[in-house]
Amino acid sequence: MSEALSVQGLSAWYGNDRILADVDMQIRPGCVTAIIGPSGCGKSTLLRCLNRMHEEVRGARATGTVRFGDWDLYAPDSDPTDVRRHIGMVFQRPNPFPTMTVFENVVAGLKLRGQYDRSNLHERAESAMRQAGVWEELKDRLNKPGGRLSGGQQQRLCIARALAVEPQVLLMDEPASALDPISTQQIEDTVQQLKETVTVVVVTHNMQQAARISDYTAFMLRESNERPSQLVEYDETRLMFTAPTDPRTEAYITGRFG
Amino acid sequence: MVAAGLIVLLAVVLWTLAQGAAPTFATFGLDFFTGRQWDPVNNVYGALPYIYGTLVTSAIAIALALPVSVGLALLLNEVRSRLVRNPLTVLVDLLAAIPSIVYGLWGLFVMAPFLNKYLAPALAGTLGRLPLLDSLFVPTPAVGNMLNAGIILAIMIVPIITAVSREVIATVPHDLREAALALGATRWESIRMAVLPHARSGIVGATMLGLGRALGETIAVSMLVGNGLGISTSLLSPGYTIPAVIANEFREATSTGLQHSALLALALVLVAISFVLAALSRLLVRRSERMAS
Amino acid sequence: MTTGLRPPKRLHSIAARKAKSAAFMGLLWAAGVVAVVPLFLLVGYVLMKGLPALNASFFTQTAPPPSVPGGGMSQAFLGTGLIVGIATAISVPLGVLTAVYLSEYGRGRVAASVRFVAEILLSTPSIVAGAFVWGIVVVAMHSFSALAGSIALTVLMWPIITRATEESLRLVPNDLREAALALGVPRWKMILRIVIPTAGSGILTAVMLAVARGFGETAPILLTSLGNDFINTNALRPTDAVPLRIYTYAQSAFTQWQTLAWGGAITLLAAVLVLSILARVLSDRQQRRIG
């Protein structure tokens, strides 16, 4: 089982603008943690800091600590590429590699890391696709181009691709927001199954979705353009939605804004 | 690392040319640009005839190409039917791909004889009789002349002026044109009101790019311009351009004396002018696109 | 600065305005015709005069002495192959690497100046490239050579490849890059194994356009490779090239040489047009695949 992801004093910057301030949270292993909040509240930024994708944009950086077990991910000798081997990511819009087949997409991460043993790749691909709930649908279309599937299938293909490299944590940035309701349902089911093997952190703008699928929820807010985003409340999901502590959380959950 | 190589390349090009040209400028100074004598035997080098020929042929080219290119660019933006627009675009692209030597060959054997037989006498007979224009159209028996060179240049630069003008015109926002039409403007009026004012500086930039191409065109021009020394006001007389003289004299130039150096000086002048035109053109096109957005 | 509309200066009757509009639109159509007619005239004549020149000996024999029947341009075809081949081998890696830098790594002043320089080199007259290479290579080697010709062509082809390749790379959607990075792949590997293959035929198109240009250039070869009546495979010696041979023959007084010139022109035109059309087809297909 994987370790806890421990965030301490995390701030994110674009140049000299601090856009995320002093986030402290403990992400528990083997659970689904949701990050919610109105648009622009910094949920995606926080997510991207967890696998050091935030700094890939020119001028962006993060300060503070993120520990994965004992490992300080932001230590000077930590390589972002290493970090991402353990903490994977699925994006808002499905992005399979257009020049590759379904099978090649799923094993892309493995091949790029130099693993070429055919039988091993097949095993890992099947396992990942089963976890992503897409094996039955696509097992006879492994050699078709990765781009010609429906939106929902593409997204689950991307989930399989991320799972094939066997990360311990999977970060999902609004994975269903670009999909139709049926595909959304399938993604939500997948997330529920995933938590048996990976720790999942999901960003979502849909509160009901968070309430349905997560064990813990973090609520973020950016109160004005001059001030950075902040983590307002972080608690077990059922507690947050029935008895929130912070009045701002309550206002958001009851639909008074956002 | 490799990319910096591109910068290094340009620097080396400029430095090589400058170094080679230096003796010429040291000897003649600014008289190089005003002198009318180009005499390798006596080592006297004045570039005025070539500068004149280059300017005249390019001016003819721009005068002919500009209206055609802008008209074509506007047309391509106006026509909605893909059946017309796509083939037309492809044809213009093909025009751009034809090598200069093929233009030269066709110009020399097909276009020039035709123009000499029909156009030159017609011009001499009509515009050549008018008081101010008569010196422009004095016919000569020579096969090559500046008008022919200017016309072939015009054909060659239409694609590039059209392409850049098209890009610029396409960035003019749709709603501006629709506002004009909603006011009851005719099609042409909406173009004049909404499109042209915004695209104007970009079109000027496109023209500069075309001008740069015309100034530097060597092969087709040298085959049609007559390669005659001397400065004549008649467009129907032979001329000589900077690239043409570089091409014609370079290989046989003697290694003693200043001939190579003088030719390199001409090359340097050519680079400098095309540099300035390219930079200006970029500025104008950018400005036009920024204004439109 | 007004960004709005400027009303027309005079108001005539509606009929007059409509007529004026129709007239101007007619002028636009006329411009289109005028621009395109020379293309047909040119291609037509080249076909007409060039086809008779094409026979077996045209492609297999070397330059004939004046007024001797037969003969061909084989030395020029081989020479062009040699010169453009070497130039392509040099300029493709240089061009692609520069484009990768501009698209994937470069930001700020350095990248902007590299792009600027590329544009300047793109609009530099080709004869200047010839003069420059003459000044360095020919003078140093004390000899005209195919290699010098290749270097001169590289000066022209490098920026073409860079510009078109950079455009192709930029068209690759950014989320593909992010997806690869998120799988724990180092940046250089992501570029090599994901971005470049996705841009794939766009890069091929860039090379085809550059090669088409290389085939057709006369002026730089004139000053660097000199030409040769005989077949030459040594890159360090003067070598013939098709456009160069056409240039010499066209301005000669011998009809037989002029006929050969037309033959050369038709092969050159065919090669260049085929490459350009193929490049366009590939590029359209690529846009449909990615976009």
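Assorted remarks:
When the chains are written out, they are named A, B and C in that same order, and each has its own residue count from 1.
Simple rule for what comes next: contacts are C-beta pairs under 8 Å (C-beta built on N, C-alpha and C of every residue); 3 or more make two chains touch, one makes a residue touch a chain.
Just so it is clear, the structure is predicted and the values come from calculations on it, not from any experiment.
Chain centres defined as mean CA positions place C nearest to the mean of all protein CA atoms.
When each chain is reduced to the average of its Cα atoms, A sits farthest from chain C. The mean-CA centres of chain A and chain C are about 47 angstrom from one another, to the nearest whole unit. Chain geometry summary: the mean Cα position of chain A and that of chain B are 57 Å apart.
Computed centre separation for the pair chain B/chain C is 18 angstrom, with centres defined by C-alpha atoms.
Residues of chain C found to touch two or more other chains are absent. Chain B makes touch with chain C in their complex at residues 1-7, 9-10, 12-13, 16-17, 19-20, 67-72, 74-76, 78, 88, 90-95, 97-106, 108-110, 155, 158, 162, 176, 179-180, 183, 185-189, 191-194, 197, 209, 212-213, 215-219, 223, 243, 246-247, 250-251, 263-264, 267, 270-271, 274-275, 277-279, 282, 291. By the touch rule above, chain C contacts chain A in their complex via residues 107, 173, 175-176, 178-186, 189-190, 193-194, 197-198, 200, 289-290.
The part of chain A that touches chain C in the complex is made up of residues 51, 53, 56, 58, 81-86, 88-89, 91, 93, 95, 97-99, 108-109, 112-113, 158, 161-162, 165.
Chain C contributes residues 3-8, 17-18, 20-21, 24-25, 27-32, 34-36, 38-39, 41-42, 45-46, 49, 94, 97-98, 101-102, 106, 110-111, 113-114, 116-132, 134-136, 155, 158-159, 162, 212, 215-219, 222-223, 226, 243, 246-247, 250-251, 258, 261-262, 265, 268-269, 272-273, 275-277, 280 to its touches with chain B in the complex.
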